[in-house]
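Could you have a look at this structure, given as structure tokens, before my questions?
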Amino acid sequence: MRVLFLGDMVGRSGRTAVWQRLPGLIRDFRLDFVVVNGENAAGGFGITEEIFRATLNAGADVVTTGNHVWDQREALVFAPHEERFLRPANFPAGAPGRGSGLYTARNGARVLVSNIMGRIFMVPDLDDPFRCVEEQLAACPLGEQADAAIIDFHAEATSEKMCFAHFVDGRVSAVIGTHTHQPTADHQILNGGTAYISDAGMCGDYDSSLGMDKEEPLNRFLTKVPRGRFEAATGPATLCGVGLDISERTGLAEAIAPLRLGPRLEETIPAFWR
Amino acid sequence: MRVLFLGDMVGRSGRTAVWQRLPGLIRDFRLDFVVVNGENAAGGFGITEEIFRATLNAGADVVTTGNHVWDQREALVFAPHEERFLRPANFPAGAPGRGSGLYTARNGARVLVSNIMGRIFMVPDLDDPFRCVEEQLAACPLGEQADAAIIDFHAEATSEKMCFAHFVDGRVSAVIGTHTHQPTADHQILNGGTAYISDAGMCGDYDSSLGMDKEEPLNRFLTKVPRGRFEAATGPATLCGVGLDISERTGLAEAIAPLRLGPRLEETIPAFWR
Amino acid sequence: MRVLFLGDMVGRSGRTAVWQRLPGLIRDFRLDFVVVNGENAAGGFGITEEIFRATLNAGADVVTTGNHVWDQREALVFAPHEERFLRPANFPAGAPGRGSGLYTARNGARVLVSNIMGRIFMVPDLDDPFRCVEEQLAACPLGEQADAAIIDFHAEATSEKMCFAHFVDGRVSAVIGTHTHQPTADHQILNGGTAYISDAGMCGDYDSSLGMDKEEPLNRFLTKVPRGRFEAATGPATLCGVGLDISERTGLAEAIAPLRLGPRLEETIPAFWR
Amino acid sequence: MRVLFLGDMVGRSGRTAVWQRLPGLIRDFRLDFVVVNGENAAGGFGITEEIFRATLNAGADVVTTGNHVWDQREALVFAPHEERFLRPANFPAGAPGRGSGLYTARNGARVLVSNIMGRIFMVPDLDDPFRCVEEQLAACPLGEQADAAIIDFHAEATSEKMCFAHFVDGRVSAVIGTHTHQPTADHQILNGGTAYISDAGMCGDYDSSLGMDKEEPLNRFLTKVPRGRFEAATGPATLCGVGLDISERTGLAEAIAPLRLGPRLEETIPAFWR
């Protein structure tokens, strides 16, 4: 089964590019399931209900988030009603919305998607991501309730990302890192059959600082004195993510490869999709 | 001119792979200049004089480091005498050793190499990397004393890496990130002509946590209680780095592409070297 | 009932002063219960079994710890067998030893003592201290199983300390902060009857950096280059802690005042003990 | 000569209490010089020009700040014109305003006041505070251009505060810590004659979280989900600071003692002022 995961959409540039390209990708490559991280879709900070819906309309099955999930306060309102909207599962019990869900892919497979946040260098400091995933997999094991399991692990430190992936290796289809906004090239299938990449990269303008206009971030580094607000960069976006091929028999990964489409990075499409 | 930059060698597995492969790479691709980051070469922690020399013997022109530079105390002794050994330049004045140097490449070009450390999430907290590079470029501008300028920017946060690169864009040949030990796929030539990649990746065993045996790091994440020491992983290493093509006329970059050689990641060699 | 809490003993100087003075304090002021934080008792790093026993012999009813608890590896061995040794309760389930206990004071009162670690700026990142204390108080509520409840909240940030104390205000006898090694003067009885102080201070040499010889810490701040090890300071120690008067009827605090004995700080003994 | 230093005024409650009590304190105790930290005076976040002026009118000679200095954007406008307004001196060169000044006390003494920020756990990451103070003392040594020298060291970690004080011991009259908003009881005169306290405490409502209404900070600790804004607490403020007696001959400290006035903490006035 073919899955596409797109990293953090940043601002108008990023979300527009996703909305424009995603329907064609789904059609051309007969994708069964699509996950998009939307934590920076609204000007770089959070996501609105309108953007969330438009992303579903473009073909996403699930929208995941991260530390920026509540930057737009309206997310607190729509999160509880939207099955396809995920915030990190390791928020303390009682947080609005949900951290994981079981969805039906276009090929009929039941796909567990979970959004979990790391703790190293991250704010806010959520509950233990390792225990969180352990509980989720106990409740919904791959091969029983779920035919595939995809985790958006939203974290900064590569050590935490690697150890998290080793911890669930053989028990989920894929661990896809997000948050750093730069795609990594370390995609591999781990020993137990779980696909892994440290970071999917962002969908945004790569002539920027993390998709944000670089002027004010650079000013802060140089002077430590704020001069203005952080604004999303407005140049054309490059889409970054990964394509997965997941065994319909075992739920484990048969292939993982990056997808990059746009003006700034080396373009690539998973060869096993062709 | 052809430059190869190899990311953090980790442990015996990583350094041995570099020593074995580097002479062939230099010969086969007629490389003019080679930089290798060696901060984790001795069991993951620092570098010894013997390892440093063996790395030069294998063909490295310069060995750079980072936050782990003094983990092997003997580095404090040999650093001051070794022109080709760099520690981060933004250590306070008076630190042992040097942070940059001007070297002659095999094509006769004078190459400025600078090793600078970021500050976000990094220990120890060194001097301002932006001011540091500003001073270095004032003292040794590209196109005057230097025919090429390569910066190993050893840092964690992608925002700091991107802003640093934009800051020196057009004034150096390349900004190569190190420290996260995972290669990124965001290599590009910035608007001003500077080649950039967020992280070169490591030269080490990618079935690991940052090149270290994954058992104890994973134990720490799970239990928070130390059970043993951190040891370098012993599986076969994958070499990660970037190839650069630098204009002999302008000193700016004409091409940047990843190099990955080994069993775990997708292998690639810069196409423009063939 | 009269309780004495002594802050982090640091090194030989600190522990020796505690051992020498504690018996006299217990006798002279007819103390019912004594808690001592011992996380830095062994040269500044952790605690040995011998030091732990000697501290009990000097009159401590319970020895608490903090982030340094496992610095001496032997603590992993004796912790599980020692009822009167506490490590932070919010270590993940399965950690060696215990995080709280119910003890009988010399006046017959049943005293719950709990050792909990904060998360802001702290390593390792343990479980949520707020949820941890909630569970403890549910299992052993003040006025039912316990006649008094004392929490050693080992944390860095004053915001977390204050919020933690407000959270349990009226439900425990006292929240005593430790870890910063400097006594605060903000002791007060909160609105609900819980005694509070941000930090008890350390029992150690105050002509130092946190009880450690100041030469190497200062060297690190100045040069960022290690020159030697951190050693405990050897000058005479000042004892720092707080005295509590806890109602035998309600278990809430009737008085809190600092105790400081030694050569460097303004000496004081709780007036309500005389 | 008699100096009063008052810690961070927080919100209306804190600043009003300072304005009401300060004139009487100056008159009753014949104070020669007064420094007030104002970084949280405007609702907890920064300071306005009007508040700054009212604080001078109440008798402050200098208003210092810290990490919150630019929270009110108007501070960027008035800082450059106000000699008696200090922001941390270790902002990069070119920052608005000034970090130190030489002022004439009511007894005619020339008093150097310097505001310097620590780096451990602090944002933004400013220049090296140790080098900063070294340069200031080289330019304006105690006993030559200055008859007294008072440093507001705005920092989180007690290790950095202690080491900073030891570094300048004998070269300044006093190092007064600010930022943690809880007064410490570790005031002492160091071996070289410099008065020291880790933190002066705040001037604000101590039934709070750092002077802020405790509801939202506590909500964030419990749920990690924002519910509202941080607002200054509105209960009556307790003034916290220290009194200094500085030798007019040597510029070194002869005495340091806390001042605490208000409803929540143990009240005290320096005995040597009576």
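Observations
Each chain gets a letter, A, B, C and D, in the order it is written, and its residues are counted from 1.
By our rule, contacts are C-beta pairs under 8 Å (C-beta built on N, C-alpha and C of every residue); 3 or more make two chains touch, one makes a residue touch a chain.
These figures come from a predicted structure and were not determined experimentally.
Shared contact partners of subunit C and subunit D comprise A, B. Interface subunit B/subunit C: over half of the residue numbers present appear on both copies, so the contact uses mostly the same residues. The chain pair with the larger count of C-beta pairs in contact, out of A-D and A-C, is A-D.
Centre-to-centre spacing of subunit A and subunit C amounts to 43 Å, using the average Cα coordinate of each chain. Contact with two or more other chains is made by residues 92, 125, 222 of subunit C. By the touch criterion given at the top, residues 92, 119-120, 125, 127-128, 131 of subunit C touch subunit A in their complex. Taken together, the subunit D residues at the contact with subunit C in this complex read 121, 130, 156-164, 166-167, 180-188, 190-191, 198-199, 201, 206-210, 214, 217-218, 221-222, 257-258, 260, 264-266.
Residues of subunit A that touch subunit D in their complex: 70, 73, 76, 91-92, 94-96, 124-126, 220, 222-226.
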